[in-house]
Amino acid sequence: MSPEALRERLSNLTFEQGTEWPTATVTALDWRALAEEVRHTDGLEFDYLFCVTGVDWKTHFTVVYHLTSTAHRHILVVKVSADRSEPVVPTVSDIWRTAEFHEREVYDLFGIVFRGHPDLRRLFMTDDWNGWPLRKDYEDPVNMIKL
Amino acid sequence: MKKYLSDVFGAIGSLLKGMKLTGYYFTHHKEIITQEYPDKKIKLPERFRGEVVMTHDEQNEHACTGCTACELACPNGTIKIITKFDVTPEGKKKKALDTFIYHLELCTMCNLCVEACPTDAIKMAQNFEHSVYDRSQLTKKLNNPGSKIREGVE
Amino acid sequence: MIEEIGTTEAGELVINMGPQHPSTHGVLHLIITISGETIKKVEPHLGYIHRSIEKMCESLSYRQFIYVTSRMDYLSSHINNHGCALCVEKGMQIEVPPRAQVIRVLMDELTRLASHQLWWGAMAMDVGALTPFFHAFREREAINDIMEETCGARLTMNYMVPGGVMADLHPRFAERVKEFMRFFRSKMDEYDELVTNNVIFKSRMQGVGYLSRENAISYGCTGPTGRASGVSCDMRKIAPYEVYGRLAFNEILQTEGDCYARYLVRMAEMRQSLSIIDQLIDNIPEGDFQAKTKAVLKLPKGEFYSRVETARGEFGVYIISEGGTTPYRIKFRSPGFSNLSALDHMARGHKIGDLVAIMGTLDLVIPDIDR
Amino acid sequence: MISLADITAAINHWLYATLPGWAALLVEAVIVGIAAITLFAVLGLVLVFMERKVSAYMQVRLGPNRVGPGGTLQTLADTLKLAMKEGLTPDGADKFLFNLAPYVVIIAAMLILAPIAFAKGFQIWDLNIGILYVSAVSSLSVIGILMAGWASNNKYSLLGAMRSGAQIVSYELSAGISVVSIVILTGSLRISDIVASQQDGWWIFKGHIPALISFVIFIIAVTAETNRAPFDLAEAESELTAGFHTEYSGMKFALFFLAEYVNIFIVCAIAATLYLGGWMPLHIGHWAAFNHVMDYIPSSLWFWGKTFFLIFVIMWFRWTFPRLRIDQLLNLEWKYLLPISMVNLLLMALIAVEGWYL
């Protein structure tokens, strides 16, 4: 499906202008339903989640999901925004199994909680690590390189 | 039963094939590729990036203007340039290089400083035997003592 | 550590495999629960080599950040750099000269060959054959020598710059590559004799670590891992970049989804890489090796994503730019990370020896997973 | 020509002539003990060096080439290094068993030296159940391995020891049956009788195809029994780091290492004795002239040549093949080797009864 047709098909979403792939922003509340829809609807079948990215916009967080379909080869980018003080996003790890690790990574580095994730623990950092390293306001207490 | 036997023979055959190959290498010593390194020195290609050096000519002159382009280009803070002000014969003050400090221990040999240098004052040398007993020896001063900038390099 | 894992049933044993273990190829830490020799659960613990490259890149300029990506998947460092350069070029709308494009693709394929050779040796070593490792390194060294001559380094080349490559090809490049190809083609048959057709090796591989097509997609397995399960996921075919679109090569697909299929896919890919190099080596166009770019690169505000095919699968670079000289946020989608997530699924019910074989065929590079 | 047998006989005669009977025996025992230990040390050094060179050439590299001429003293240097290393005993290990295990393994290996005929008339103890004694004692080393694995308090060691136990117990069977198939032909368990029965040709030639099959099975089985690749599951370094000797260091590790090589030597010596005539030169039927020429080559040279050839074959296996999995290992034994060797034994019995072997 071409990007235009995809925009047409998912007309209830608001798409950003001037992006390479159709990019839509949804709230955390709507995300779960949208995920189910794009995964299982005939003609869409976004069965492959190839990238999950957390972004800290200083005022809020976004989790960017890059979805594609192995059958139709179209790509959809969904941005899910989350509150900065209490970031919670529903998990999609039961829809795309790869999200299990990716969401853990985002949780580990940004502190975004994925509700319903089966095993939400630190992934890269040690279990007793303080803070969320990829947030913009994170300050490394130990600067490794001191010249 | 037939399959059982053919399995056994096929298996033995495939194993013997592998043994034939290793047997070949065992008996053909000319295939050995070991380079006896410290005994026989290796010649590295001229593009090999071993460390950053500053080229000096016979008059002990270099081409560095102290513009700090390399310092800015370096991703790791490997290079630190200390500049001074020289007084030209006409009596004008001119910025010049005082010390070119190079931290080999931080360098990843990415070549970005050499690319950035507008006057080709620095280049990559092929030396790769960098081990020293103390880390402080890895911090090097690249411009020779008493060296000065070559005439005409701006 | 073991207490935290909590309940183990009677007769079950929890083993820490790694971070220092001969077959985890680095510092992967697996906590495996076994009953006898049978694996009940595998739980990867990551982060022993996590350097937060994404955070580092946020403070590096668009010229500087490319070299860091060599340190992720160090075996396909050139392809990682390629992905980053492509992403920056996409943002800056730089037209890469045709010569640079061909050079890049040639280097990519040589890197892929080198990576697969190392994988072949290391995987054979995982299942207990030590000799293939040295034979594989013999060929890999030949590639490294070629790389060294042109790029200036053997492993972390940093040969890519936005807009092209850092230096022109060495005058002897084509000649040496052809010489290597002749040499390597003769060795490929030896590979088959020594390992591929070996009955012990086959029995170690066949039917082990099965991954169905659905699961491969769901777990996001790409590269040879995905293709062995029948998922068409070769970025060079799906979204051709550089000159891949006009090259004749096949995407290798297998449907068995077991370790042997993954092995065969990689072996066939080596032959495909050879054919790609064959097509290009005599047709390197003349011209510039680098497009004219500004000294300071500033990406316009926006988001840019590029996907390339490394030796392990799909590598994605996602740059969010706020218009400055450094990225606002950069994300690397590394293939090994997704492939590793399927390990637990694949290893359950197999023996410890199989786990090693499965890890071998997944071709994990730990810095690529940890980043 | 002075043979080894003459020398030993002379020493024996001299000792008994000058000393009382018990003292002579004691002195002889001491001499034999010293000789055995020296043999062990030299064997260890030579075989490790040989293994490293064989592996190096197969892997297109040079191998040790620094210490001594052609690297020959490399293993000596390594032994010195190991001897100077600290012998760590991990916390929580069963100290007594942990320290005892390497000695059990090495003593078990040492005991098997007794009935081996190194040359014509040169044998420590030609006991009448020689080959039975060898099979019995060689399976003792598994006790040492189990002790080591259990006492280390390490899960990898335990797994390695368990694998080793399962492996040795099952491969004993086909090794035993292979031995029996030769014993049927010779009708004696005494090593000297077995060697003497090959006066007119080695069993591997005289015994037709069944002897060849049983030889191959014996080699496979003893490779497994000595925990050598492709059957080195007990120490499988890519799976269990180092298996049962993960926790050992220094001299205790060296003993395990030494025992492994001595065991290889012993099983190869047994295989050479059973199938390739031991010290017996290559004799073909009634070709008296040919046999006479062959007799000029000293018998000890024949023995060592055959043994080292077999050792080389076992090393060749190791540097060519991948490792089997534990269930495949047991499958190979119970589904392939055991049935084949049993059928083979029947054939062999037929040959022996009909007397087709002469």
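The first chain written gets the first letter, and so on, giving A, B, C and D; residue counts start at 1 in each chain.
The working rule: contacts are C-beta pairs under 8 Å (C-beta built on N, C-alpha and C of every residue); 3 or more make two chains touch, one makes a residue touch a chain.
Quantities reported herein were computed from a predicted structural model and do not represent experimental measurements.
Least step count on the touch graph, chain B to chain D: 1. A centroid comparison over C-alpha atoms places A as the chain most distant from chain D.
Computed from the mean C-alpha positions, the centre of chain B lies at a distance of 25 Å from the centre of chain C. Here the CA centre of chain C is 45 Å from the CA centre of chain D. The distance from the centre of chain A to the centre of chain D, each centre being the mean of the chain's C-alpha atoms, comes to 62 Å. Among all residues of chain C, those that touch two or more other chains are 131, 138, 194-195, 198, 200.
Each of residues 58-61, 319-321 in chain D touches at least two other chains. For chain B, the set of residues touching two or more other chains reads 15, 18, 21-22, 33.
Of all the residues in chain C, the ones that touch chain B in their complex are 60, 63-65, 67-68, 131, 138, 141, 148-153, 156, 158, 161, 166-167, 170, 190, 193-195, 197-200, 295. Those residues of chain C lying in contact with chain D across their complex are 13, 15, 21-23, 37, 124-131, 133-135, 138, 194-195, 198, 200-201, 203-204, 351-356.
Chain contact summary for the complex, chain D toward chain C: residues 55, 58-61, 155-156, 159, 163, 229-230, 232-233, 236-241, 319-328. Contact residues on chain B toward chain D in their complex (touch as defined above): 8, 15, 18-19, 21-23, 25-26, 29, 31-34, 36. Within the complex formed with chain C, the chain A residues making contact are 18-21, 23, 47-51, 53, 55-56, 64, 66, 70, 73, 96-98, 100-102, 105, 109, 122-126, 133-134.
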